[in-house]
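Next come two complexes built around subunit A: one with subunit B, the other with subunit C.
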Partner chain A sequence: MPSATAPARSPAVAQPSADLPSAPPPVSGGQPARVAEAQPSAPERPATAPGYISVKDYDFFYGQSQALHGINVEIPERQVTAFIGPSGCGKSTLLRNFNRMNDLIEGCWHKGDILIAGKTIYDRRLEVTGLRKRVGMVFQKSNPFPKTIYENVVYGLRIAGGYRKHELDAACEYALRASALWEEAKDRLHTSALGLSGGQQQRLCIARAIAVQPEVLLMDEPCSALDPLATSKIEELILELKRDFTVVIVTHSMHQAGRVSDRTAFFYLGKLIEYDTTKKIFTNPGHKQTENYITGRFG
Partner chain B sequence: MNQHRHFDLDLAELKRSLVTMGNLVAEMLRLGVDTLLQPRVAAREEARAFEERLDQLDNQIEERCHQLIALQSPLAGDLRFLISAMRITADLEQIGDLAEGLCKRATFIARHQVVRNPSMLPTLGALAADMVRRAMESFITGDLDAARSVLGSEREADAATKLAYEAVQAFMMQESACIREYTHLLRAISHLEHIADIAVSIAEEAVYIHRGTLIRHHHSEF
Partner chain C sequence: MSANTDDAGNGSQPAGRPDSDKGAAWRVRPATSDRPSGESWVWVTGLGLTAGLVMVVLLLGLVVYEGVAVFWPKRVELITLHPEKGAAADSGARLAGEIVQSRTRRDLTRGRDVRELQMFVGNREAYAQSMNFRWVDEDSIAAREQPADIVVVERLAGGDAFGFPVEVRLAAGGKKETIAASDPRFFGELDKLIAAAVMVQANMDQVRRDHLNPLNRRIKAEEMSVRRAKEDNDAATVAALEASLAADNKAVVGHEAKLAEIAGGLTGNALVIRRAEGGKTEIRAADLVDWHRPNDAGVVGRTWHFLGNMGNFMWQNPRDANTEGGIFPAIVSTFFLTLLMSVAVVPFGVLAAIYLREYAKQGLFVRAVRIAVNNLAGVPSIVFGVFGFGFFVYFVGGGIDRWFFSDRLAINEPTFGTGGVLWAAFTLALMTVPVVIVATEEAIAAVPRGMREGSLATGASKWQTMQRIVLPASAPGILTGMILAMARGAGEVAPLMLVGVIKLAELPLGGVWKDTDLIPFVHLDQKFMHLGFHIYDLGFQSPDSEAAKPMVFATTLFLIGLVVLLNLGAIRIRERLRRKYQTSAF
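This part shows the complex of A and B:
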């Protein structure tokens, strides 16, 4: 499955770099400017504050089958929000709605709305490809293209067009540094990405997703195929990425949710059962169902 | 939707060990308070036998808590239970030490000169023991009213301690020949006050386990 941040192939993308920064961030002193200038974590928002992603009375259907029931959730900017719940609870479905990945599935329809940065993602004037540049996605299984490391990273920018070589080089270095892969990959940028280890491939996919400078990064079980060391690297990376991006992660690992997220949402049978700070959810959840799930009593 | 877990059996077994430890401490406390009211020399040895069993249980429970935290990575209520179990074990062990201290003081008095007890002493002894009993009941059953009643008794225990202290000070002035015995008696009263404080700490742990809120230093919010 192609990465959401490398949508391409549609002529609609031909609006050059309008949705992208006018040029990739200049690289100075080996540090990407945007990362270097980034503020520390955003101040903690009250739970009721409008989120960067707002889900409002959202129902979602696969044909006759309703997958999400009346979801309301406010996801804060530049924080990590974890979606947890047993398989089939709707957490991945909701995640995939944020960049309209489910549009690709026939017979899907919805009620209610999803807003990103205050604007609905279902605006008829909005290009879905433009949305997917703003909302990048990393999948459970790493999916590098059978190209070089360099070409993988700059894929989205090449598709968008209008970049000179030195701009692509700078963007590549920025993205690989931001995804903690630069040191391992800098001497083999023009070799096949398929030669990287599983953990490196997953970080490459993260680099590819952030090269186009999205606002939101969606991660669907990004570590489920990785060993503990590679998992730990991705988790450290997630904590760094939240300085620049709003991250939403679906995970089956309760401890991963505890380690990386600021807020946690627990879903069950297509409903949002509880949404609160991660501290609260993992020490003193408000609902018995949440407690039973995170302590392994069902699911 | 609930399913049986081996971890639940481990937690239940741990809880049983804590109940055993609580019962042992209650017996030691009864021995300590009885001996203080009617000093006798043999009590010291009896207390020592209890103390050995208590130390053993303390080690076992603490080690088991460490193992379960490391191996099961508990969360939410399970995590709160294990954290509090470690604290309650330490609390019970300390009450055991203080109860042994009561026997030690009483033995000294029995060996030398049996002196007058302040009239408040039986009340204070019974109150401290009852506070420990109610705190343990709250921990075991989740009865938060029991925890609340322990917190409510704290002031009563402080007042009884003050009265007992003042009475002993008056005896000291009247019977200066027995200053050493009365000093031991003062220490024993101080042990009882401390036991009542520890009962409050156990009640706070019970609230943390069953309600998830830390109320230490914030009793008014409970």
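This part shows the complex of A and C:
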């Protein structure tokens, strides 16, 4: 069971890395204070240990059809968790429920609960926009706004309002450095974001998501439309990002899951078949189905 | 697919390969011919487009040809008729005028076809009204010529006069001089005469605008105040007001005397011409507008005159029951009305569309609303006129008058409780709002889902997403709706007749000079002229519809030109927005 208090995050959040400028102030005042308790994260926690994101007996329905069946997952803090499985297995659906993106679809309903940092995301007293500020998302298709690069990055802060120019500038630099786009974009911050290449646009979307300093970063097949070079850049970036963020990534590429993730969950037909450390899943899977899927013999 | 290759040999596969050996239920038929069969539907679809294009081009061609031809100076022909049997030779046998058209008519008395010419002979006051346009049997024509010295004189009243110049009389200011047409100074003096007449007109206009009109407005206000003071039994105020009223009335008399004095500067000056059939016409200097010699001018001269005619038509006020002069107030009022309508219709339609598309729960009710909105576009426009008259003019306008303008209402002078440009714009906005709603809904729906999700995922609320992402991206589509609305609204006549259009009106907007400052004004309550109504008025309400016919085409040409101009402006803005907000090609 998750503890009642919010899991602590290390001071690394406030000072992401040595070469980055100091991060802008946190966006949502309502979120729990990031207590700087020294609690080193254990990389080899067992899969059943309470995680940062806890999914409890979760069923999800699109109208009559059930997309998810009794999912239970504990996603650890500041690690990369990969969701794999064939198309239509429900992995994207689960991911999109973490920031309640599925609320936009009419006729959706669910049973069970999802907790982030020990609190249910379905609290009726809370505004869903607050959740989305804490749980950022990067989509399969890069979706920069038809604005300048600068305006794209600081979009979330502009929405929140109340930031001064120098704060926005700092946030922009922080986010672009963190998404490894700063060197390429620093001289053209005020030109249209649509002039960037596909890979750059996807990294811009990552920058936009992390500019509001979320706790969790959801990535829905972020590399599926990119060439191998851009893909490897984004994968490097994900490994960097896990120092500051809890990353959940949906991917169709076994290799990508193997390269970037600490834990892997295999879904099939709306059920969670297996969830364990990536090493175990790829070397010694517990289920026949998992093995078939990973080795490509899946029918 | 790997599954297929594995199972190909398996006979249990129900719809496997159409392999005849395996006894499949169907087999692929070979093509009957290898020759290209052609695409017959290309012709049918092409025909559809061609039919539409031909009709549009013919209509536009007619309007442009007729509309432009109005301004082209025509030659004036002098026609000598055969002397009628039994009549004295040379009696009334000459006519001068512009050939308007010719036709072939079956003459029953003679039992054969005869060709006839229609001539515009002008000189309205000399001939009976119906004789202004005259049919002349070609058989009765003895001679046709185009004498170079014939002049066409444009007048303030009575239309054009055709004839041979006789003399210019200068009698004003005590001198008495007559300059005959043979005198080399003749045309110079004529020009001076016209320049003086234009000056006098301008001076009189200035006196009216700067002195008489403000005075009259003040007198009206004072009269209302007197009424109110009398009701309140405030004798002192009544006395004071009546004193100033008397002073103002005296000032009016003074200014009117001044007007008469200015006009008197021309009295006695005149141009005399001899009409083709022999009589003389004396044209007072005050009536002179312009003169030209159509048969004496070459291509350059006629082009010059053509451009002048066109400019006059555009920039002048109408006169002579709208059959002469220009259409300037109608052009400006139509432009203003259309802009006002667009300003009213766009926010209204966009808000409605946002609610329908983004906030309303999609269901039976919203579908019914959508159908109702679309059907609104099919309601006859006169019904909107009736609604506008009842709702805007009587209910809203009447209410405003009762609350804010009760003084003027008391003397039976409604302000907003009568047709006006504001109510007309609202009525047209109501009529065209379905177009904007439909276009906006389409545009909003066309914004990529990814852009909305991207915005929502950063913690933006629905309205913030709408305002910062969706609306800017759908602005080009909204403008398309506005363009369609403008095109429909600008050409509408029927509803306007109920909510404020009139035959002849001052401009509802403009500026007045006060000392050195130009003070702009907009009178939203004022009645106005409109190009569409002007067409109707000229074509069907004019005392001389034959004379007004060319004006109908010219006005139509200008209306179409105005709509094209407005649309081009909106399209330019739309292209700019499209470049700015084009969504990612990736």
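Simple rule for what comes next: the second predicted complex is superposed on the first by the 255 of 299 C-alpha atoms of A that agree within 3 Å, B and C clash if a C-alpha of one lies under 4 Å from a C-alpha of the other, contacts with A are read in each partner's own complex, and residues count from 1 in each chain.
Operating definition for what follows: a residue touches a chain if its C-beta (ideal position, glycine included) is under 8 Å from a C-beta of that chain, and two chains touch if they have at least 3 such contacts.
These figures come from a predicted structure and were not determined experimentally.
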Task = For A:K186, decide between first (touching subunit B), second (touching subunit C), both and neither.
result = neither
Key: subunit B versus subunit C, judged by how many residues of subunit A each one touches   = C
Ask   = Can A:R297 be said to touch subunit B (first), subunit C (second), both, or neither?
value = first
Request  = For A:M137, select first, second, both or neither according to whether it touches subunit B, subunit C, the two together, or no partner.
outcome  = second
Task = Touching subunit B in one complex and subunit C in the other: list those residues of subunit A.
result = none
Note = In the complex, the residues of subunit C that touch subunit A are 3, 362, 448, 450-461, 464, 468-469, 472-473, 580-586
Query = Inside the complex, what are the residues of subunit A that reach subunit B?
reply = 254-255, 258, 282-285, 290-292, 294-298
Inquiry  = So in the complex, the part of subunit B that touches subunit A is made up of which residues?
reply    = 1-3, 5, 7, 73-80, 212-213
Message = Which residues of subunit A touch subunit C once you look at their complex with the stated criterion?
response = 27-28, 99, 101, 104, 106, 127, 129-130, 132-133, 136-137, 139, 141-146, 155-156, 158-160, 194, 198, 201, 205, 208-209, 211-212, 225, 299
